[in-house]
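Sharing a structure below in structure tokens format, with a few things to ask.
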Amino acid sequence: MSTTLHILSHSPFSDLRLSSCLRVLNADDALLLCGDAVLALQADTAHSAALELMPDSIGLFVLAEDLAARSFIDTVPARIRIVDYQAFVDLTLAFDKVNSWT
Amino acid sequence: MSTTLHILSHSPFSDLRLSSCLRVLNADDALLLCGDAVLALQADTAHSAALELMPDSIGLFVLAEDLAARSFIDTVPARIRIVDYQAFVDLTLAFDKVNSWT
Amino acid sequence: MKFAIAVFSSPDQPSNRRALRFAEALLAAGHTLERLFFYQAGVHSASAHVVSPQDELDLPKAWLQLIQQHQLDAVVCIAAALKRGQLNAEEAQRYARSGHSIDAPWELSGLGQLHEAAQSADRLICFAGP
Amino acid sequence: MKFAIAVFSSPDQPSNRRALRFAEALLAAGHTLERLFFYQAGVHSASAHVVSPQDELDLPKAWLQLIQQHQLDAVVCIAAALKRGQLNAEEAQRYARSGHSIDAPWELSGLGQLHEAAQSADRLICFAGP
Amino acid sequence: MMSKAILLVSRHAPTDGSSARELLDIALAGGAFDLPISLLLLDDGVLQLAPHDFSLLQQKNLSANLQALALFGVEQIYAAERSLCERGLNTLNSTLPVQRLDDAAVSQLYRQHDVVITL
Amino acid sequence: MMSKAILLVSRHAPTDGSSARELLDIALAGGAFDLPISLLLLDDGVLQLAPHDFSLLQQKNLSANLQALALFGVEQIYAAERSLCERGLNTLNSTLPVQRLDDAAVSQLYRQHDVVITL
């Protein structure tokens, strides 16, 4: 059985990929938010609530530069791990395959 | 006061323009569905229900070739008027301006 | 009546073809098409380098034929075209590029041409997205 | 480890730059980048005709530098490139186009190259969308 | 060495630009190389199973490409039941032999493949 | 003859490719011609009001273009209150003088203009 790192980059406020992705995640998969998908972490929105409800076994990651560039996002939930490009490379090797929601 | 013909072409199943558009429509505006926005007419979906609830004063139109090309859509609500390109041109002149939800 | 059409989508998007059909329909009805304005990925419509598959509609060719047949004013936004690599001979020379993909009757010009068309036409119709 | 990267987005999309940064990071970590494969609007990354605004990142140039510096195998899907007007000298001659926008070390080839890379690399990472 | 199993996920309507066609081209190329390819139609991708008259849009017949998959040895074709239902296509009779999968089976499909490409 | 009043509707985040920038370029060009231009930030477009550090993405500072609007005579800048709230930006303090509009006022804005361009 093969694990998957899913990558999202679309804004969850204009696109429905996030909800589709959350449905296909397996218990040992992970999700990396980059680009405008980072907006899903914005506090007090339906999307950040949906992310907080994900099972603990599912790893949640955000690309450092995309988070920092959106400086209005001041706090992120404790379970979210922030990865730079070097950690992004390592992350792709920690799962058996990578699926970009293009 | 100036009326608007709004044009949508994105699939309502993958994009949120339809709901945003329905909120800005004025009572004497109109909506033309073309491209995959025609999918909003598919029976027994949340989108066709939302369209049926629009006030009667708002004109609802669909581009003929886009409807016919999707031959699985077999019936459309009675209030929807089907326009070919010639009627599309006339329609843009029947309103003061045209807004494409690009 | 006087129309202006703005195209924001590339030739592989359905809205690009829809713009062409709309232009044909308004001309067939005896209206005037004052200007075609190509912006964003729409600038690829002007490329003479596109090689469409034989059994598919060749939109850059269809646009060119329409423009020639009706002697239309077809403007490509110069800033949008440069950053997307669609140059005419003059810009290719200015920026020392070895070739170019846009020829007359296509014209490169600025966004002022979009505003001029929006002001003078009775209707501006924009085509973009799918 | 061995990586392959597929790019489906044009240089004005953020994911195109993200692919470049990812490629740089994996090379910096001592991994191998077996192949870059450009498909869909990603083919515009190979254009030598792009003129980026002076204060903006020039992605086609940055890709070319990375490819040259690390002698990477950079393949552009030929079918996707032809229909988007990105030709090399050979295809420009074949289809009687007056110029071309893709030069070596960029290579035009088929989708078999994507499959070969997917099979031989430890990871295939795709970049597309915004 | 055994080939890696590839899952191709098609999320676009056949009338939404060239994405659906360009994904099928990847499938056909993989089939030509005798690779183990599965195709999952997800979200708007399930519309590829519904009857269209593409000639009205001066578009090539995408159904023909789907039908050609079997000739290229691509026989694992799946569609997400939920995507079909959302689009009012639950009673659709497809001429293509397609397996319909519920959410759990869709998740399982990702687990069973070594490489995923989504378009 | 009086110039037509133009409403430019910007629906994209400043980090979502070039759409936000290319819409502002239309606004600046219109301002340079002394045309009556209004800008409405709608849906993800309201994110243009939120503070960013664009340099991290090697992107030009879009806030500078927004600030430049006033210099070009474009002073009617509006943001949809609902779009701000949906994105958790209701308490945002923008340095730009922006009028927030409820749904009815947004609809009214469309009525008050002669031309609309949405990007």
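A, B, C, D, E and F are the chain letters, set down in written order, and residue numbers restart from 1 in every chain.
Criterion: a residue touches a chain if its C-beta (ideal position, glycine included) is under 8 Å from a C-beta of that chain, and two chains touch if they have at least 3 such contacts.
Note that this is a predicted model, so its numbers are computed, not measured.
Both chain C and chain D derive from one sequence, and where they touch, over half of the residue numbers involved are common to the two copies.
Distance between chain C and chain D, defined via averaged C-alpha coordinates, is recorded as 27 Å. Work out the mean CA point of chain B and of chain C, and you get 26 Å between them. A separation of 34 Å divides the Cα centre of chain D from that of chain F. Taking the mean of the C-alpha atoms as each chain's centre, chain A and chain C sit 39 Å apart. Of all residues in chain C, those that touch two or more other chains are 8, 12, 14, 53, 56, 79, 83, 124, 126, 128, 130. For chain B, residues that reach two or more other chains under the stated contact definition are 11, 13-14, 16, 35-36, 97-98, 100-102.
The set of chain F residues that touch two or more partner chains comprises 11, 15-16, 18, 43, 57, 115, 118-119. Chain-to-chain contact here is organised irregularly, matching neither a line nor a ring nor a star, and falling short of all pairs touching. Every pair of chains in contact is given here: A-B, A-D, A-E, A-F, B-C, B-E, B-F, C-D, C-E, C-F, D-E, D-F. By the touch criterion stated above, chain E contacts chain A in their complex at residues 9, 11, 42-43, 82, 103, 106-108, 110-116, 118-119.
Interface residues of chain B facing chain E in the complex, by the touch rule stated above, are 11, 13-14, 35-36, 39, 42-45, 65-66, 68-72. Within the complex formed with chain D, the residues of chain A that make contact are 9-11, 34-36, 63, 85-86, 88-90, 92-93, 97-98, 100-102.
Taken together, the chain F residues at the contact with chain C in this complex read 3-4, 6, 18-19, 22, 25-26, 29-30, 32-33, 35, 115, 117-119.
Interface residues of chain E, counted against chain C in their complex, comprise 15-18, 57-60.
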